[in-house]
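For reference, the structure I am asking about is given below.
A, B and C are the chain letters, set down in written order, and residue numbers restart from 1 in every chain.
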Amino acid sequence: MTQLLLFNVTNGLIIGAFYVLMALGLSLIINLSGVINFAHGGFLVIGGYLAYALTPALGFWGALLVAPLLTAVIGLVVERLLIRRLYGRDPLYSLLLTFGLAFMIEDGTRFIWGAQGLPVTVPDFLNQPLSASLFFITGYRLFMVAVVAVAVAALFLLLRYTRVGIRIRAGTLDLETVSTLGVNVGRLRSLNFAAGIFLAGLSGVLAGGQLGLDPTMGAGLLMPSFIAIIVGGVGSLPGTLVGGLLIGVAAGVTAVFFPSASDAVMYVLMAVVLLLRPRGLMGEEGLMT
Amino acid sequence: MNLLEVRGVSKQFGSLVAVRNVSLSVPAGQLRAIIGPNGAGKTTFFNMISGAVQPSSGSVQFDGRDVTQVPPWRRVTLGMARTFQITEIFPELSVAENLRIAVETASGMRLRPWISRRATTAVTRHVEEMLAQTGLMSKAGRLVGELAHGDQRVAEIAMALALRPRLLLLDEPTAGMGEQETFEITQLIRRLHRERELTIVLIEHDMRVVFHLADRIAVLDQGALIGEGTPEEIAADAAVQSAYLGQVAEAGAA
Amino acid sequence: MNAGGRTNRLVLAAIWVVLLAAPFWLNLVGGYTALGSRVLVLGLAAMSLNFLLGFTGVLSFGHAAWFGLGAYGAGLALKFVALSTPLAMLLGTLTGGIAGALLGALIVHRRGIYFAMVTIAFGQVFYYIAYRWNSLTGGDDGLRGFSRQPLAFGPMRVDILNNSTLFYYFVLVCFAVAVGIMALLLRSPFGRTMLAIRENERRARFLGIPIELHIWIAFALSCVFISFSGTLYALLNNFADPNNLYYSLSGDLVIMAVMGGMRVFWGPLLGAAVFVVLQDYVSSLTTNWMSFIGLLFVLVVLFFPRGLLGMLRQRRVA
């Protein structure tokens, strides 16, 4: 029983770390640009398939680095060409546009790589379990969590200590003032969008190594990311972090006792949070409400 | 008895004290002006009266009733109507429709899923009365968003009037207006005050308007009340002179 | 003013003539009657959503949930409760309407992006339930084993089950009733408060309108209407499946409303017609129809944000 519980809690944490990576990217974009990027799952898929395509040439490690960067570049192009036109308009429009993009990406991936799942080859030593008693913790899973931790830490450090990061945070609170201070808001938003998409691409590579690739994987991960953001509080990145881990663990623990309800538990969690603390665990009143 | 009684309200935003312990009594029928330099806390004070902002401490009483905890929409039903510094209207609806919504809400019809012919006639009559009083009759069918700025301000006042308020709160009614428009709106406010004996509290920057209209003036500076009296008293007050009128005089000279 | 009124009446008459005659002209242009019923049902769904979206200015992106609940409610009622079409419609509408009203109460204080996200996420709850609760809902395979029942008016029976033209007229009558109620509501004092909230929430509040209450009522009404259309969808297909509740249907409904014109009462019906016909046509040509639908979303947002009828109306004003 303890073994099972431990297994599922660890599992939950790993899944949660994953939601966090995905949700942080979404959250970045929502906070600064007011765009709910429905295509975020699509960019995750792009990241994963790019890694698949690049692995033969660059190896796993090269792909891990290059695929997210390429995804971010694609994201940048999409932002400049399409999403930029919708800033300041009703959020309805960016929602619909990214919704359409998500369709096109999913279908495009299927067209290029086929509907069947594809594996991302992971170096052998990462696939070893840690020990016989902890058979469920493979090196790859630890590695995933480590990468997520590094990425999250880097993101928070960048936001805290670099000039661009500080501007992004300031823009989240009061974009008008930031623009009157002479900051190029358009460029800031592009950069911020690309950063968010980089995280999506990274999630895609990591997910591909664990679960294999298929064109619909992004759509499946999108909803938990939404919930992570809502539970944590729209507008708060630390909230998103907490929210993602929380729903991951909650799903893991529930899987022990009520396996069939493990998907539903995050929705229950969201309902409870909205009832007791409508602005989310770490959301501030007045922001994005 | 005073229609509006504000007792020692303060408002803090984080570490910034926007309004500090301000009291104000306005008897029924009075036209009270609130003046003060930019950033003096006038609008925050105003928002606490209308309920848009909750005071950190102190109380607001309207017609003998403590309304400090009463939500803004209910204050309106008690007889408080307001306009905003930046015009707040329903831009893609016609002038008449803007007023119609105000009249129907004030008559307690807002939840009705249908309306009788007779009620429609009564509402229409009231709307036309407001249009006539504010001189907007010829523009009744136009979309408010397409009107000139001055007419939009008047339309907003007309909406507030359509609520049949006992207290009218006007936040810089002449903001952004030209000479002629300022003159007309001043005449309108004066007429409402005289003919209907409407109690009015207004914030205003234009000193000619203030001294022309106000029965009494309250002066705010850096969130605190620094003077209160008749226009003559205020004009003679040294503290007010240095805090505000001096600035205006300098600005005028420059 | 008067001329405008007459034009409106003419347009209205034209719409009803087209709808009434649909079974006769659809075949001539290569369509089929069931396609017409589908347009009506999804058009009603999009109009119900637009009641909230276009006329109250509240962005709900999870309306498929209430649509699907209506469909499942009606299907389950026919399968397990009684073989009665009207009863199934009543129960289905209640299911979606009540669930929507309850959720609405939880979220009316949220606005804009937040509201959209919460509605999307909560909408998925019902998808998962339908997907997982195999024994009741049939899970991924969908709910089968029910069919719409002929209507009985005393001794007279109207066989809407086997006669697709009769069923079309049955849907048209339901559509007319629902749309008529919507139109009346929008012209009522309550309807005008909805417009007020859409136009300027702050002004509305300071006219003495309790915004949250009014948004909640509008939300609940919108859920009732769309559940009603959902029950018709189950009757049309004699089938309900989890995709009726999935968020991509919510997106489809929003794009129908936007494409036709959110600010125009009949806009979403036109949007639904274009969307349904296009989907029907493209999916018969290529397996990559998803890309085309996605492209349609992008093009509508970039080039027709006011919708087909919205642009037409603007041109008339100008």
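Please note the rule applied: a residue touches a chain if its C-beta (ideal position, glycine included) is under 8 Å from a C-beta of that chain, and two chains touch if they have at least 3 such contacts.
Just so it is clear, the model here is predicted, and its values are computed rather than measured.
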Inset, instruction - With chains as vertices and touches as edges, which is it: line, ring, star, complete or other? - result: line
Legend entry - More contacts between chains, B-C or A-C: A-C
Legend entry - Closest chain to the centre of mass proxy, which here is the mean CA position: C
Inset, instruction - Return the distance between the CA-based centres of subunit A and subunit B, expressed in whole Å. - result: 48
Inset, instruction - Round to the nearest whole Å and give the separation of the Cα centres of subunit A and subunit C. - result: 32
Inset, instruction - Report, in whole Å, the distance between the mean C-alpha point of subunit B and the mean C-alpha point of subunit C. - result: 43
Inset, instruction - Please name which positions on subunit C make contact with subunit A in the complex. - result: 53, 59, 61, 106-107, 109-114, 116-118, 120-122, 124-125, 128-129, 132, 247-248, 251, 254-255, 258, 288, 290-291, 293-298, 300-302, 305
Legend entry - subunit B residues touching subunit C - in the complex, by the definition given at the top: 50, 52, 71-74, 76-77, 81-82, 84, 88-93, 97, 100-102, 104-106, 109-115, 141, 159, 163
Legend entry - Residues on subunit A engaged by subunit C in the complex (per definition of touch): 30, 34, 36, 38, 82, 85-86, 89-93, 95-97, 99-104, 106-108, 110-111, 223, 226-227, 229-230, 234, 260, 263-264, 267, 270-271, 274-275, 278, 288-289
Legend entry - Touching residues on subunit C, where the partner in the complex is subunit B: 1, 184-185, 188-193, 195-196, 199-200, 202-211, 214, 217, 263
